[in-house]
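You will see subunit A twice below: alongside subunit B first, and alongside subunit C after that.
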Partner chain A sequence: MSVLAIRDLTLSFRLWSGPVEVLHGISLSIARGERVALVGESGSGKSVTARIVLGLLQDQSGARIGGRVEFQGRNLSGMSARERRALRGRDISMIFQDPTSSLNPVFRIGGQFREVLARATPGISDTKARATATGLLEEVAIHDPARVLDSYPFQLSGGMNQRVMIAMALANRPSLLLADEPGTALDVTVQAQTLDLMRTLVDDHGTSVLFISHNLGVVREFADRVYVIYRGRIVEEGPTRAVFEHPGHPYTRALMAAQPNLTGGGLPRIPERDPSFLAPLVVHGDRT
Partner chain B sequence: MRNVLSQTLRRTGTSLLVLVGVSILIFAIARVIPGDPARVALGPNATAEQVASLREELRLDEPIVVQYLAYMRDLLRGDLGVSLYTNRPVAVDVAEFLPATLELILVAGVMMVGLGLPLGILAARHRGRWPDHLVRVVSLLGVSAPGFVWAVVLMLAFSYYLGWFPVAGRIDEQYDDLRHITGFLTADTAFQGNWAAFGSAWHHLVLPAFALALSGIGQAARLTRANMIETYERPYIEMAEAYGFPAGRIARRYAFKPSLIPSLTIIGLDFAAMLGNAFLVEAVFGWPGLSRYGVQVILRKDLNAIVGTVLIIAALFILVNIVVDLLTTLLNPRISHAPGGRA
Partner chain C sequence: MILVLRSLSKTFETGQHRVQALSDVTLEVAEGECMAIVGESGSGKSTLANVVLGLYPPTSGEITFEGEPLPAQRTLAHRQAIQLVQQNPASALNPRRSVAASLRLALDVHGIGEPRKRRARVEELLGDVGLDPSYATRAPAALSGGQRQRVAIARALACESRLVVLDEPTSALDVLVQAQVLRLLDELRTKRNLTYLFITHDLAVVRNIATRVAVFQKGRMVEIGPTETIFSAPSHSYTRSLISAVPVVTPEEFAMRERLGGRS
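So, the complex of A and B:
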């Protein structure tokens, strides 16, 4: 059974000018322990997909969600808001773009960590939480956990905060980790280090990952399988190697050509819209 | 912590300068206002000699600089001069009337924070739904009508028609001979274990304090709501949501604390402003406080009392500001834990 199975997911927002559909039938699945990337440009619908999986958009008035999202065989849309909330931070967790602004600026790391741990162990004692957090921070190669726990996020470097975020995300041993452009706000070497670390840890714990990115280089390193999303549709999917070596869809090829290359060649011009971009290679069910 | 301490010391130093400035200003203004204080004090039937002798006693014929220096010399010894209105040392008047005003303002301040902030949190958490609309209407009402209007309205409704609260005064007459220790009747009655009088003091206090607090409650609620709505857009709140922190806990803790820091300065100013606003509420409820005293002495051009009252109120205002700055610093780790000395 797959950890996450999305079938024919649609999302539209009700605006005063009428409904606007932003996801037109997304289907994807992630097996246990699998790392899957969702690749596309800004505004293609990557992040909203992750937020639907987390159950954050379901309660928003004005958002209409169609299709099915199954987490470990349970249909998310059939759950109550309370049941969806219960999954968050325990069975599903998330890592964000900018670790420093994702941590609350006026609380110490230790307190925020305790709150995360309390999701799985309600009423966890301060000493217990601190001991657990110390162990988890050591796992992400933080050598002075005590100092970090007593610090405010602004006192730590971006890379350090990202390690903290990774430790928090995996603290309750979730079965699914959503990584929304993790560390994009960090500089490239730090991003690479922290991604390496994340990869090792999810391997160790057998965590499934939905990795959202526009950075193909990172995706190639990280993911087992790739879904390419364009304007709210999945246009191509396949094992990472296959997609990178033989991109079938014109948009995938354009996206790859857009990767800056050390050996020069400059950036190609990608048209904002191209009719061929909208012709999918992947056909799901009776939609599209 | 060193930051906090040095900041407080610095602020206290500049505050003393401000107080000296205020004293010069109010001293000059009180004397520039037309009218002869000696004539006002003695009444229309006094002879010219009587007026002249009082003027001499008050040093009114000397240059203003000499008058000021003499006043400051007395002030440093704790002598605020004698009031022409009550014929008592101003210090004695202040000691009698100040606790009443402070008691009123403190309770109003507690109401402002204790009701305004939770209402703001409630509105922000349920933004766009009925609790939000209700809070916005109520806070707009509070902000848009001045305290004395509320004083009259509340008095009419709850004292006159419903009869739930007394109309005026600080305590029932039967407790008038109660021993005063601090001048705070709620505290004095409690110290003496006189619970009936304690109840009576609170009974008299609630309505005027609420009237005085209403605009502050509205302001605090609106400010908290606005700042919280801004905070709710921050990534760290999305993170808290993504990790399933309980919604109430996010509102009361993770969204509230960052939002409180910018609100605090204004809430502090509002609180300090109650010192002045208290006058009309004190007048409506017959509350024997310092603000009411201040206005009466101004009308009688009672120089010593005017300067004394204004200085006390200015000192309190500055004190409140220092406390608020201190709180802001303590709440904001980016200041209290800043590397290096200066905050």
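So, the complex of A and C:
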């Protein structure tokens, strides 16, 4: 059974100027332990998809959601706000792009960590929380967890904060991790370490990941399977290797060609928009 | 040499803290070059850009532009000759001013061309950066990110600048848009013999647009050379680790990374 199954998901916002269609019926699924990437440019609908899975858009007035989102076989749209809230931080967690602004600047890491642990273990004692947090920080290769727990986020580097975020996101052993451009705000060397770390941890715990990114290189290295999204529609899906080695959709091909190459080759001439980008979905075989 | 930096250092002091943002940087840039300044956060690359632009004076060392030493207090002529294109075009343009008004202001401030010909000049500039003249009346908010960056580039061209400091000019753009803006920059440089100081952390972009590369680490220049050499035979270990850390896509790139000794 899939951990996450999205079928014909539509989203529109009612604005004073009329409705705006954001998602035009997207479908995707993630198996247990699978790392799936949703890749697309800004405004393609990739981040709102994550927000719907997290249950954050359902309660927003003006947002109209259609289709089905099933988490471990349960329909998210049928749940009450309270039930959805209970999933967050326990069964589904999220890592955002900018770690430093995701942490509260006026509380020490230790206190924020305790709050996360209390989601799964209400009334956890301070000593127990600290001991657990110490272990979790060691897991993300932080060698002096005591100092980090006593620090405020602004006292730590971006890379360190991102590790703290990863440790927190995985603290309650969620079955699904949503990662929205993790590492984009970090330097390349730190980004590479962070992604390696994340991969090892989700492998160890069998966590499923929905990985949202515009960076093809990062997706190529991290994901098992890829969905390419363009203006609210999935245009191509398949195993990472297949999609990267034999991109079938005109939009995917344009994306790959536009990516500057580390081995050179010059600057390609690619249209920013093209009617062919709206061609029908391309699906690669060998689905797991 | 259009730009020469000699033993340039910059130290910031705030109370107890002393940060050496640039230490003893010597660099010569020839006319018509695209000189890439590469490094991670804290490497000093933005400090270098700001010192060249005259936003703050160096602590020690000297900057020579077109054979003349650049003073700490820049004249209008200096500011005209050395222009900046920033990372985020949304905040680089005045949101209340139309595209034409932003470009016109640059022409007016620097007294470029006869006043009655400036309206036509604004249209020409839009054409130069691949924008339809109808965009002239629009506000920045009515443009896409790529179009805004084109306007920012047009503004730098309006000043008839000789040196353009490009501070991460495409890192806020989508990859398809980035490809076009990079092409535009490359064409403008060759067509007008412009000199670029291209500040970036994106090595894949550098590989395809720069003529030479200077690698910075913690305020020091650790390696400099022609783009080909830096990528085919990097000699400093930091350069190698920087190149190896770039997430890559094609088999050729994977092979290249393997050759450089993989990831540390």
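The rule is simple: the second predicted complex is superposed on the first by the 276 of 288 C-alpha atoms of A that agree within 3 Å, B and C clash if a C-alpha of one lies under 4 Å from a C-alpha of the other, contacts with A are read in each partner's own complex, and residues count from 1 in each chain.
Here is the rule we use: a contact is a pair of C-beta atoms (placed from the backbone, for glycine too) under 8 Å apart; a residue touches a chain by one contact, two chains touch by 3 or more.
Remember, predicted model here, so these are calculated numbers, not experimental data.
*Asks:* Could you look at A:S93 and tell me whether it touches subunit B, subunit C, both or neither (first, second, both, neither)?
*Replies:* In the superposition, A:S93 touches subunit B alone.
*Asks:* Look at A:A223 in the shared chain and tell me whether it touches subunit B only, subunit C only, both, or neither; answer first, second, both or neither.
*Replies:* A:A223: touches no partner chain.
*Asks:* Looking at the overlay, does A:I212 come into contact with subunit B only (first), subunit C only (second), both, or neither?
*Replies:* neither
*Asks:* Between subunit C and subunit B, which one touches more residues of subunit A when both complexes sit on the common chain A?
*Replies:* So, of the two partners, C touches more residues of subunit A.
*Asks:* Is A:E41 contacted by the first partner subunit B, the second partner subunit C, both or neither?
*Replies:* Second partner only.
*Asks:* Which partner does A:V202 reach: the first (subunit B), the second (subunit C), both, or neither?
*Replies:* Neither: A:V202 stays clear of subunit B and subunit C.
*Asks:* A:M160 contacts which: subunit B (first), subunit C (second), both, neither?
*Replies:* neither
*Asks:* Return first, second, both or neither, reflecting whether A:V53 touches subunit B, subunit C, both chains, or no partner chain.
*Replies:* neither
*Asks:* Who does A:A254 touch here: subunit B (first), subunit C (second), both, or neither?
*Replies:* Only subunit C; A:A254 stays clear of subunit B.
*Asks:* Of the residues on subunit A, which ones does subunit B touch that subunit C also touches?
*Replies:* On subunit A, no residue contacts both subunit B in one structure and subunit C in the other.
*Asks:* Report the residues of subunit C in contact with subunit A in the complex, numbered from low to high.
*Replies:* Residues 40-41, 145-146, 174-180, 182-183, 186, 201-205, 207-209, 231, 241-250, 252-253, 256-257, 263 of subunit C touch subunit A in their complex.
*Asks:* Please give the residue numbers of subunit A that touch subunit B in the complex, ascending.
*Replies:* Interface residues on subunit A, with respect to subunit B: 54, 56, 85-90, 93-94, 96-98, 101-108, 115-116, 119, 152, 154-155, 168.
*Asks:* If you look only at subunit B, which of its residues touch subunit A in the complex?
*Replies:* 234-236, 238-245, 247, 249, 254, 257-258, 261, 331-334, 337
*Asks:* Which residues of subunit A touch subunit C once you look at their complex with the stated criterion?
*Replies:* Within the complex, subunit A contacts subunit C at residues 41-42, 158, 187-192, 195-196, 214-218, 220-221, 244, 254-272.
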